[in-house]
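Take this structure, written in structure tokens, and hold onto it; I'll ask about it next.
Note that the chains take the letters A, B, C and D in the order they are written out, and that residue 1 is the start of every chain.
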Amino acid sequence: MSSIYHGSIIVSIFGQSHADAVGVTIDGLPAGFPIDLAALQTFLQRRAPGKNDWSTARNEPDLPEVLCGLKDGRTCGAPLTAIIRNTDTHPGDYAQMSFIPRPGHADYTAYVKYGGAEDRSGGGHFSGRLTAPLCIAGGICLQLLAASGITIRARICSIGSVRDDSAFLCSVAEKRFPTVSDDAGRRMQAEIAKAKSDQDSVGGVIECIADGVPAGLGEPMFSGAENVISRAVFAIPAVKGIEFGVGFAAAAMRGSENNDAFALEQDRVVTLTNNCGGILGGITTGMPVVFRTAVKPTPSIARPQRSVRLDTMEETELRITGRHDPCVVPRAVPCVEAAAAIALCDLLLESRKREVPKR
Amino acid sequence: MSSIYHGSIIVSIFGQSHADAVGVTIDGLPAGFPIDLAALQTFLQRRAPGKNDWSTARNEPDLPEVLCGLKDGRTCGAPLTAIIRNTDTHPGDYAQMSFIPRPGHADYTAYVKYGGAEDRSGGGHFSGRLTAPLCIAGGICLQLLAASGITIRARICSIGSVRDDSAFLCSVAEKRFPTVSDDAGRRMQAEIAKAKSDQDSVGGVIECIADGVPAGLGEPMFSGAENVISRAVFAIPAVKGIEFGVGFAAAAMRGSENNDAFALEQDRVVTLTNNCGGILGGITTGMPVVFRTAVKPTPSIARPQRSVRLDTMEETELRITGRHDPCVVPRAVPCVEAAAAIALCDLLLESRKREVPKR
Amino acid sequence: MSSIYHGSIIVSIFGQSHADAVGVTIDGLPAGFPIDLAALQTFLQRRAPGKNDWSTARNEPDLPEVLCGLKDGRTCGAPLTAIIRNTDTHPGDYAQMSFIPRPGHADYTAYVKYGGAEDRSGGGHFSGRLTAPLCIAGGICLQLLAASGITIRARICSIGSVRDDSAFLCSVAEKRFPTVSDDAGRRMQAEIAKAKSDQDSVGGVIECIADGVPAGLGEPMFSGAENVISRAVFAIPAVKGIEFGVGFAAAAMRGSENNDAFALEQDRVVTLTNNCGGILGGITTGMPVVFRTAVKPTPSIARPQRSVRLDTMEETELRITGRHDPCVVPRAVPCVEAAAAIALCDLLLESRKREVPKR
Amino acid sequence: MSSIYHGSIIVSIFGQSHADAVGVTIDGLPAGFPIDLAALQTFLQRRAPGKNDWSTARNEPDLPEVLCGLKDGRTCGAPLTAIIRNTDTHPGDYAQMSFIPRPGHADYTAYVKYGGAEDRSGGGHFSGRLTAPLCIAGGICLQLLAASGITIRARICSIGSVRDDSAFLCSVAEKRFPTVSDDAGRRMQAEIAKAKSDQDSVGGVIECIADGVPAGLGEPMFSGAENVISRAVFAIPAVKGIEFGVGFAAAAMRGSENNDAFALEQDRVVTLTNNCGGILGGITTGMPVVFRTAVKPTPSIARPQRSVRLDTMEETELRITGRHDPCVVPRAVPCVEAAAAIALCDLLLESRKREVPKR
């Protein structure tokens, strides 16, 4: 069913780019948990546009308004709904494209699916703007996880052909451009600037690590940790691939290389390597959960592109004007953290149900 | 929730490797659809073990017994349940490993999750044997999709470092070793044989293409085609990554390269390339749906491995005896088709609900 | 999961009586359907308080604000969210009761469930006010059903000991007090007035009929028409019972009396009676769907009542002040229609998935 | 979705009356819980047919075969599947009725829904035989609940016009005819015998009480205790109504009579009456959960009935031969317990997720 993450928590995202608001309802949060709204706002700022060279000039405060679900700053057991008003909308920017679907966007597929009734302005429900409510939900889940000792951090691994192969040992959330190596970060920014000056865009890879995840989360087969994390992460519009641990590299390895040997570390079972990304049989091992995700280059580019007029069914050329990020990867970093947080929060709460009664 | 694919169809998989049976219930199939049980059996044979160098010697007919859900060979609207009896079981093979988790397997994570109550024999519910009922469900979905003009085919792209870069233009299902290039296939088999003689195993990459998928399938955000296909494909035990279209390669591309231009082909909207893998905004474009999935090397290898005795909490060395595939990739090929078929069948049936009533 | 109706449409209700807003998100509506907001408002007015002797003096316009999901007045495929701001709130009225649960209300059970973190003001998430978003969702579903030829109407059968046994042949929605017999209606109003003057309250029975329901809606066992209608109707706070067709009276009947004989009416199969309430085996027969539901007397009464101080754990006496309906039955009538509409809309959309592909 | 109870546990029921088997898969049971199969068998015997005057002569051992999900007698975390083979089937008994739907049965509605592809033999998936797997699932849930201190018991309140108004203070499960008053039970049996000799059938009312239910189970609105119990109980074929606590009688009461005053009993909050049936706002109060359910008279009666030949679309008379219970109420008693157990087990496990992490 569309736009709902349905698990032990239910995250229901609504809104269109140029509707009155975007927002989210989170159902199933434990009651009595204090939400730090200032910390949430700081988290959302990492996704917010309009602050630098690589993101759009759209300037919105993106202040979430919590309509319900809190009482004296704590979750009260009722669903929590928060909205963000859309204020800085310029529907006119999109008028030209009304019947000419933009390559790489959901314009055409939404047109087919909804028979032309879809809201096309700014991408409608398919806009990257919908990652704002995703981040609200994810930001709250991050706080819940943190209280259980689980932290999640993501970083940029590559932009175009520029890679940062540094080990990812601690969060880079406070950085303006979240790479481990500042030098690599500078070269990545240059790559973005070059694409922009070429009226083009670039993609990249984001790595995400969850530390402190207890062993035993995840259900077999269809609700394993990989299944549910994937399900959440592919909600981010530009994501086209995901891999856990060494991922695709495992396909080229021998079992003797890829298997993670078990050992003891102060009476705790650990693995000496973590090629499996902290997940075996869909269930967490107690080691960090590690995944990487491929983000495609922004489909909106200023260069002319071939497309089709759907009203007259003629081939044509399209020129996209308006504001667009030459690279969405930096802004996607907190979105990946948010998606991972939603999935892990689901897994954590789900695991609580399994305790066996005494007999 | 464990072991259930829950969408417009519900696929509930049950069984353990050495329990009386494994099986599956499929709920939500349209009524009156004729199931070709012989074709289903042929499909299941592609997954069956014991026929060649690269799979285990376990020799079971794997004949599914349909307990209910059919009437005169057609679906009758009631849930369809099919089971496969486990006959060729040797629980003794696994006795030694009872408290020493095998690296790369779910032994340890299941132990933590289920507190030692899990069935360890042969991997229990986490055994590759559970892909047999997955293939029963997928095989039925393949027939349903075929009746709607959708066909699904998969092939081996690589085994270890050996790749087959041939274009994938038609099914290779009838081949004993499902590669497009027979020469590449021979080299891959040699790679597997070498790993086996080294008491080791290898992984590989499988590509899957769905042709004839109509435009407009998939729901936004959490139930897009990528989300649901991923959710189904990660149910296959050894899968560690998935990518759609050009996938991770998109991360290194410019938008002008990666975007798929729209054009007309006899009044039908097509894209001139298919880098997006037939999916934009989570919704199918009408072009082939294309994805690749990384399969890790079989964790069971004859070489000694480091592990831990969980009863005494001592580090130890483990030697795995018994029968094991040096490479599960060939047998995973129909499993990937099956998982894709389940997901696409879900998306197809889901799309039928959206028709608007007249006013 | 709390506050979500999860079927072929998903209705997610949020808000607390004295939070900033109450509201609802409806996901899964067909796209391109025109919503008549004026008609919706008229429907909501039937539930609105403050207009007569039997309902509270709370005076709120109850104007729903549609935040998203519409484009040019039509559903656009994206989730539809509507909120109603809470403006006329007097949290002070409830201060005294903070730790003394009101008999018949959810105060105590919410306190146990949420550990004291629940929002108690005005009943919080358990307030009758939450039926406003239920009616928004139901009102939209009513329009969708009407476009498919299905109409739903409810009426008051009894208030306290006063009954209206008239046949229910057409809607009484336009009536200020929705009974078939105006005389019975007057006596019921007198019954309510008498209870009010006694500082007491009364309950009643509501009957609901859905006409035009095609045969074949409903799934066997857990998702039959009775199951899903019950699930929706028990979302209305004061409902304590439901019966379909002749319901409990069937328990005292012989099979020969209760069975509805089949006959032909211009080539259409009908039943000569409708004791089954239009549902056999959980599936609709094509005859009107009929059910009755028991509404308990408003628990808030001005008379002193015995209760317990939960902070000090002492028995005490409670006097409820503030505004309360002496009888919620009249306002519950549109709520019952709304709940039935949500359930039937789910069943209708669900049935569309079942078409079998040709072979 | 058909035939699946989907909550914190998932109960998936499959089979047709004359298919190879009926059965059930239960997913989500805590691991390590010992299942007492002998006690389960004893429970199932209470539903089994063929032992007395009021049930059919069908003689089947109804021994469930547990295919998987147990290891050494304990749940192992994997889905538990049990089947019962159908052995004593006489499809021929139903041949005459193939195209003449039996009044009061699902024959006609299934025909419309499944387009004639349904399995009609013995009622197919709509047969009362499907309550056998319901009782397997419920019997297991009863054991799980018992280990948490929750017991469930049901009794016959009335058969036709004969009532047993005795207080229901302890279980009557061991009785051949489960009434509290043996005298009333004898008169009820006479009522059944009379109906049988009249080639007719009778209905009745069953009351069910769950003791030891902790306060705080149930979610607001759509997943309250009343909603989920109703959803489960209406899975029993002949049920046409349900009421909680005083139920429909509440509609005729004053608030001052119906409200249950709170009081203290050794530092525990109790209510002095239990008119609400142990549920307020959808959440359990800690008092016994009480509900009654109306069971219609068996639709299969030997008397001739009016119906329609669906193949030729002619009105006709139908005579049902074969074996049928003149009253299903006694056999429905354990089914009601089973349905209640499934719902309460769901609520109990669901409540475990809500614990708030420390901060």
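Everything below uses one rule, namely that contacts are C-beta pairs under 8 Å (C-beta built on N, C-alpha and C of every residue); 3 or more make two chains touch, one makes a residue touch a chain.
Bear in mind the structure is a predicted one, so any value in this text is a computation, not a measurement.
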Note to self: Farthest chain from chain D, going by mean C-alpha coordinates, please.
What the structure shows: A
Next item on the list: Just send me the rotation angle from a CA overlay of chain A on chain D, rounded to the nearest 5 degrees.
Entry: 180
Check: Between chain B and chain C, what is the separation of their C-alpha centroids in Å?
Finding: 45
Note to self: With centres defined as the mean C-alpha position, give me the chain B-chain D separation in Å.
What the structure shows: 38
Note to self: Could you pull out the residues of chain D that touch at least 2 other chains?
What the structure shows: 1-4, 6, 13, 28, 31-33, 75, 77-78, 110, 113, 115, 117, 125, 220, 350, 354, 356
Item checked: Residue numbers on chain C that touch chain A, as the complex places them -> 1-4, 6, 10, 12-16, 19-23, 25, 27-28, 31-33, 65-69, 71, 74-81, 83, 110, 113-119, 124-125
Margin query: If we count contacts the way the header does, which residues on chain A are in touch with chain D in the complex?
Written below: 8, 28, 30-34, 75, 77-78, 144, 146-148, 220, 349-350, 352-359
Margin query: Can you tell me which positions in chain C touch chain D when the two form their complex?
Written below: 1-6, 11, 13, 101, 103-106, 108-110, 112-113, 115, 117, 125-126, 130, 134, 158, 160-161, 195, 198, 200-205, 215-224, 226-228, 230-232, 234-235, 237, 239-264, 267, 269, 271-272, 276-277, 279-286, 294-301, 303, 305-308, 310, 313-315, 350-351, 354, 356
